[in-house]
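Labels A, B, C and D are assigned to the chains in the order they are written; within every chain, residues are numbered from 1.
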Amino acid sequence: MLKIRQLSSFYGPIQALREVSLDVDSGEAVAVLGPNGAGKSTLLRTISGLVKPRSGSILYREHEIVGRSTHAIVKLGIVHVPEGRRIFTQMTVLENLMMGAFTRDNKKDIEEHLEFVYEFFPDLAEKRRQLGGELSGGQQQMLAIGRALMSEPSLLLLDEPSLGLSPIMVEQLGKTITAIRQDLGMSIMLVEQNAGLALELTGHVYVMQAGRVVLSGATDEVSIEEIRQAYLGGVSNS
Amino acid sequence: MSQELSVFMQQLFNALTISGVYALVALGITVIFGLTGIVKFSIGELLTLGAFLTFAFWEGGTTFFLAVPLAAIAVGGFSLLLERGAFRFTLDQPINGFIVSLGLILVLQNLIIEIWGVGFKAPIRPFTQVWEVGGVSMPVQRWFVVWVAVVIIGLLFMVLRYTKYGRAMRACAEDRDAAALMGIPVALVIAGTFALGGALAATAGGLLASLFAIQPFLGSQYLLKGFAVALVGGLGNVEGAVIAAVLVGLTETMGSGYLATEWRDAYTFGLLIAILLVRPRGLFPARGRLQETLQ
Amino acid sequence: MVAVSRSFAGTLLRQYPPADILTIRLPLAILLALPLLAPMLLPSTRLLSLAITAAIFLIVANGLHIVFGYTGQLSLAHTTLWGVGAYTAALLAIHYGWPTAALIPAAGISAAIAAVAIGIPAFRTAGFSFAIITFAFAEILRTVAINWRDLTNGGAGLMLRTPPTSIGPIEFETIRHLDNFYYLTLAFAYLSLAGVFLIRQSRLGRTFIAIRENESLARSLGINVYLHKLIAFGLSGFFAGVAGVFLLYNNQKIEPGPLSPFSAFFTIQFLLMILIGGRFSMLGPTIGAVIAVFAPEVIRPLIGLTPLGDLSTARIQIIFGSTLVLTVLFAPNGVAGQAKERYGALAAALQKFRERQGGAAPPGAAAGG
Amino acid sequence: MIKRLRVWWIVGVLLTALLVGAACTSDDDVDDDGEDATATSAPTNGEAATATPFTGTILTPEDVLRKDGTATKEVEIEWGWMFELSGPPQIQIFATVTGDGVLFAVQEINDAGGFQIGDTIYTIKLLEHDTESDPNKTIGITRQLIVDDEVNVIWGPASFGEAEATVITQAEQVLHLCACQDRGLTSLSSVEKAAGESHWAFQTLPLVSRFFLQGALNVKEDHPEYERVAIICIDSEIGRSICELYEESYSAAGFEIVGVKVFPPGTSDYTPLLTNLKQQNPDILLNFDDPTAQLNILGQALDMNVASSYNTSLPPDIVQAAFGDRLEGKEVTAGGIPRQATVPTSEAAAAYFERYAEFSGGELPLASFVSLLSYDFVYMLVAAMQQAGTVEDTTAIADALETIHYAGAAEDDIYFNEQHFSVIGSDGCIVRFEQPIECSHDAPVRD
């Protein structure tokens, strides 16, 4: 479904991605792990078109998406839930969700999706008239994901969704993500610091270090020890 | 009505007209800033251009009521071209956008001089009647300007609040990246906002052409006042700009109505300093990622 | 950490290692020494007068560079401080007969005090709010200069009663001893250049840059950002004030009119100078001031030779404005920035050449500043 | 923001010329009217002159150009000539015609074979410079003319940098004749205060304010019932001085000044001030500024019905065109425009404009009447040199220039008053609703 080959990106003058290659299959959940500054967020930003890569290719359902603008990529079905939620704090929950449906024109269709998201996240239904900025951290995360679901993506890019959430909320988040993959059949690419959570939710894991993929494998084949090793050093592969 | 009261009412009416014009200019500045972080100083020149185009259309036989929207559309389109040709390259560095707008002041002002010369144009007066109520003289033309301003501001609010484009604009203003991730064509929205800002300024200019004699250096005065208003209201905040416009209009009018006139600009700028010292980001600060990084 | 240098030459040496003497130091030295020959080289008194104007502008622009270039604060009150210096000098000279040697520091200090007085409230804000507050103060000062008629003689301005004519043995009456006046102004122009250079090399300068680059980072490192901005503003005011004395001497009058330091015209003009010259380069303001004064002298006759013929002023302004826009879009670091890039490329090429010749290449060939 | 004009009223004068120029070329009847005006103006002129006319010899161009055939030497002398040939267009137009007057006169004198002093015939070479409206460049040119070229005479500029130039010329005792509008308000008075005198500076443009007293007397005569006067002026040195002169003139004519308001430059909305002034129930509202401000003030004052009569320096036909039926029951008086600005009032002036049109290639430039205000003074300067018997001793020439009376194209008796301002007459006009514009030619105000 998503084939990334030899992708290199720069963050200002700093090279953030060095010839990264990575695959996400249809209906699969993939975790990208790595320390701060490893280039995980840049990877997602490059996929969603916020960062233009210097070289390499990203094939999505056989379409080359490098060079397309972000809104075109969203239309293709890739939706990126950025780090730190980035919900619209000055808009109501409802307006936030409506923003998620920006690419859709069919009113009835939008209404149906809205109902669906409210069912999925009952908290949001309750607070639909409140400003996004007034929600708790966990609710904001739900709103960010719910907003992304409004456009019915086929690939969901989640950047550090567990950041700043309480353990109970993290647990609920895990359930939600599993539900999205299993019930809605969406593919998920999950960037996480919380390796335990990531490994629990995904079937394949990539570990990044200093802009490179230093380790990859099926979740059940890779040991925590190997990952820790890759986190700390990554030297062997460089 | 006692004389003092009727004089006061007269001054209130005077303040109202001028506030409406300030509000339109400030809205033009504030919507563009809110979205891009660029303070577009050349908007003063777009106002002048709007005024002269209105005059040119009117002179060519168009009625004033059609000339103003025509001028607004033309200037809006021109502003869009400027965004495509210059400002869009400065989105990462708003300060460069500001400097580009300084350069454009020179270009536009002299372009206007090249086309229309340096002379003035007498005001177009579609309504010449003056209503006298309790000793207060209210030219109908001024009421017209007030109502047009009110209607445009009202429309702008409705568009921002209830339409898809308006919501997209607010989303872009708050967080450009997140908006893009919703599938909003951010570049298009920004270009549209430049067109909107230009059209608002041109409308203000067209309305001014019906109140005052216009000349090629008209824009600078209104730019500075409009900018002051936008700052007092909180750069990027649309509601704030309207309230601040009334505040600045009142200060200026009452200051020159009741105190020494020659210090008028000192009153306005004194008020500006006082407000910004207490509330550095204006009375109603806009909240968005851009505003946080810029101010 | 390189210690603060005690000598200008020493710093210069460190900045430009001896190996680069041919590529950087020598051409730069020649360029910097060229103005010394101006009275011999320039064919007329008119052009020498313009050179004086350029030298005065240069001092003002260097002052603005400290607050705008180094600290990154967009001050729109800078030329007003220039006017404050000129008014101070005029008042002291007219009413108390102060000599030049006393006027220069007095004008500098008074403008610095004015700067700090504006800065204390203004630096509570930042960005465009700071810009507009300084602008508001500038407007208020202009209104004061026009309307406090007992002190400032209103819009007519102050005229020197008896123009000061000497510092010690050196006569510099502005018409019969114009060369001397030029050298006096030039000396202060060099001083201002040395001033911005030394500030840049010092710990203070590095602090300013740190504030420009990342204010919150600077704050987290324990730097008192507010205080340092005030210091930068005060220093810039000092430069402007000193330049005010020379403006007063050159024009023999100071007034708050439309082409005076109190006009928005000059505020924009000086910003443009720095931007065209290069706002991240030490020599940027100098280049900008020279371009602003002498470019029309060169461009007008040149355009006259082309089929365009004599252009109207409006058209020349259109060309000037477009050039500025294009500069910002394509060369945001100005002339100095462009030159530095080109020079860097040249130096790198030279180095490569030397390496290929087998010589041990010295490190660090890029020009700094 | 960038180019705010220093001298607002020039624009008014310019526009007058512009409109009159357009009227003259488009409408033949106007030419006839012009001749009528010339014919009728003579008695008016005589009656209105309040002071005793000059009884000494009034020199003519023929006196200046006369040669007695005894000359044995020919010498070319150099004069400096610097004007704003580029820069803000308003000043540029004004400066160009002013400079043209000098060029034209010099060319005429040279074509006539020069002028004679003793045994020498002098011809004149002008060293021409464009100041680009930049005070710094003006200073540089002035220094060059004095130091490098060693001239004794400098003409110009019109506005920008004139004060700075005047300081230099007066310190160097160089004869400096310019049409500097605010010279009387800034440089001359300041130089006088500073150096004790400014003996070598002469102002060729008449000070507009000199027409005010005559205007005030006229109004009192026409409308004895008007008593209360309100004044509104721009906050600049010129504006404030106009306010003061208005106050003086109208008080002297027996009016009561009930309100004076000063507004900052760049104002368009005057209603707060007018509201304030209206409370004082003035009969007359006086205003004299740049045309944009005057148009705005007049329009807003008419809306608010501030007074019964309004005085402005706007050209009468502009007033009529701009306000039409809003003038009903109102009276607008316009004045303060140099006499030749409307139609030529003398044969000499008419002949001058013909020659000037030829000189400039068939068509009269805009505001060409302004060039008269420098043209005549070239002849006067030569006459002064002849009287002083020298082309070099600037003090002697200045002394002579103070005493000379000259019958020129602009006026049949031109001279410099004690303050070195030229003395020339003006036009006063009245605009009423659906009535023809009435103009009368005022005589110069004698000192």
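Operating definition for what follows: a residue touches a chain if its C-beta (ideal position, glycine included) is under 8 Å from a C-beta of that chain, and two chains touch if they have at least 3 such contacts.
All values reported here derive from a predicted model rather than from experimental measurement.
Measuring from the average of all protein CA coordinates, the nearest chain centre is that of B.
Chain D has its Cα centroid 78 Å from the Cα centroid of chain A. Inter-chain centre distance (chain A to chain B, centres taken as mean C-alpha positions): 41 Å. Multi-chain contact residues of chain A (touching two or more other chains) are absent.
For chain D, the set of residues that touch two or more other chains comprises 1-4, 88-89, 235, 264.
The residues of chain B that reach two or more other chains are 105-106, 109, 113, 220, 224, 262, 265, listed in rising order. Taken as a contact graph, with one node per protein chain and an edge wherever two chains touch, the assembly fits none of the named shapes, being neither a line, a ring, a star nor a complete graph.
Those residues of chain B that touch chain A in the shared complex are 164, 167-168, 170-171, 174-175, 177-187, 287-288.
Per the touch definition, chain B reaches chain C in the complex via residues 39, 86, 89-90, 93, 95-96, 99-100, 102-107, 109-111, 113-114, 220, 224, 227-228, 231, 235, 262-263, 265-266, 269-270, 272-273, 276-277, 280-282, 294-295. Residue ranges on chain C touching chain D, taken from their complex, read 44-50, 53, 143, 146-147, 154-157, 159-162, 174-176, 178, 250-253, 255, 257-259, 263-265, 268, 293, 296, 312-314, 316.
Considering their complex, residues 3, 7, 10-11, 14-15, 17-18, 44, 105-106, 109, 113, 117-120, 122-123, 128, 130, 137, 139, 208, 211-215, 217-218, 220-221, 223-224, 252-254, 256-258, 261-262, 264-265 of chain B touch chain D. Partner chain C is touched in their complex by these residues of chain D: 1-6, 86-89, 92, 129, 132, 134-137, 139-141, 143-144, 146-148, 160, 163-164, 167-168, 171-172, 185-187, 189-191, 193-194, 235-238, 240, 264.
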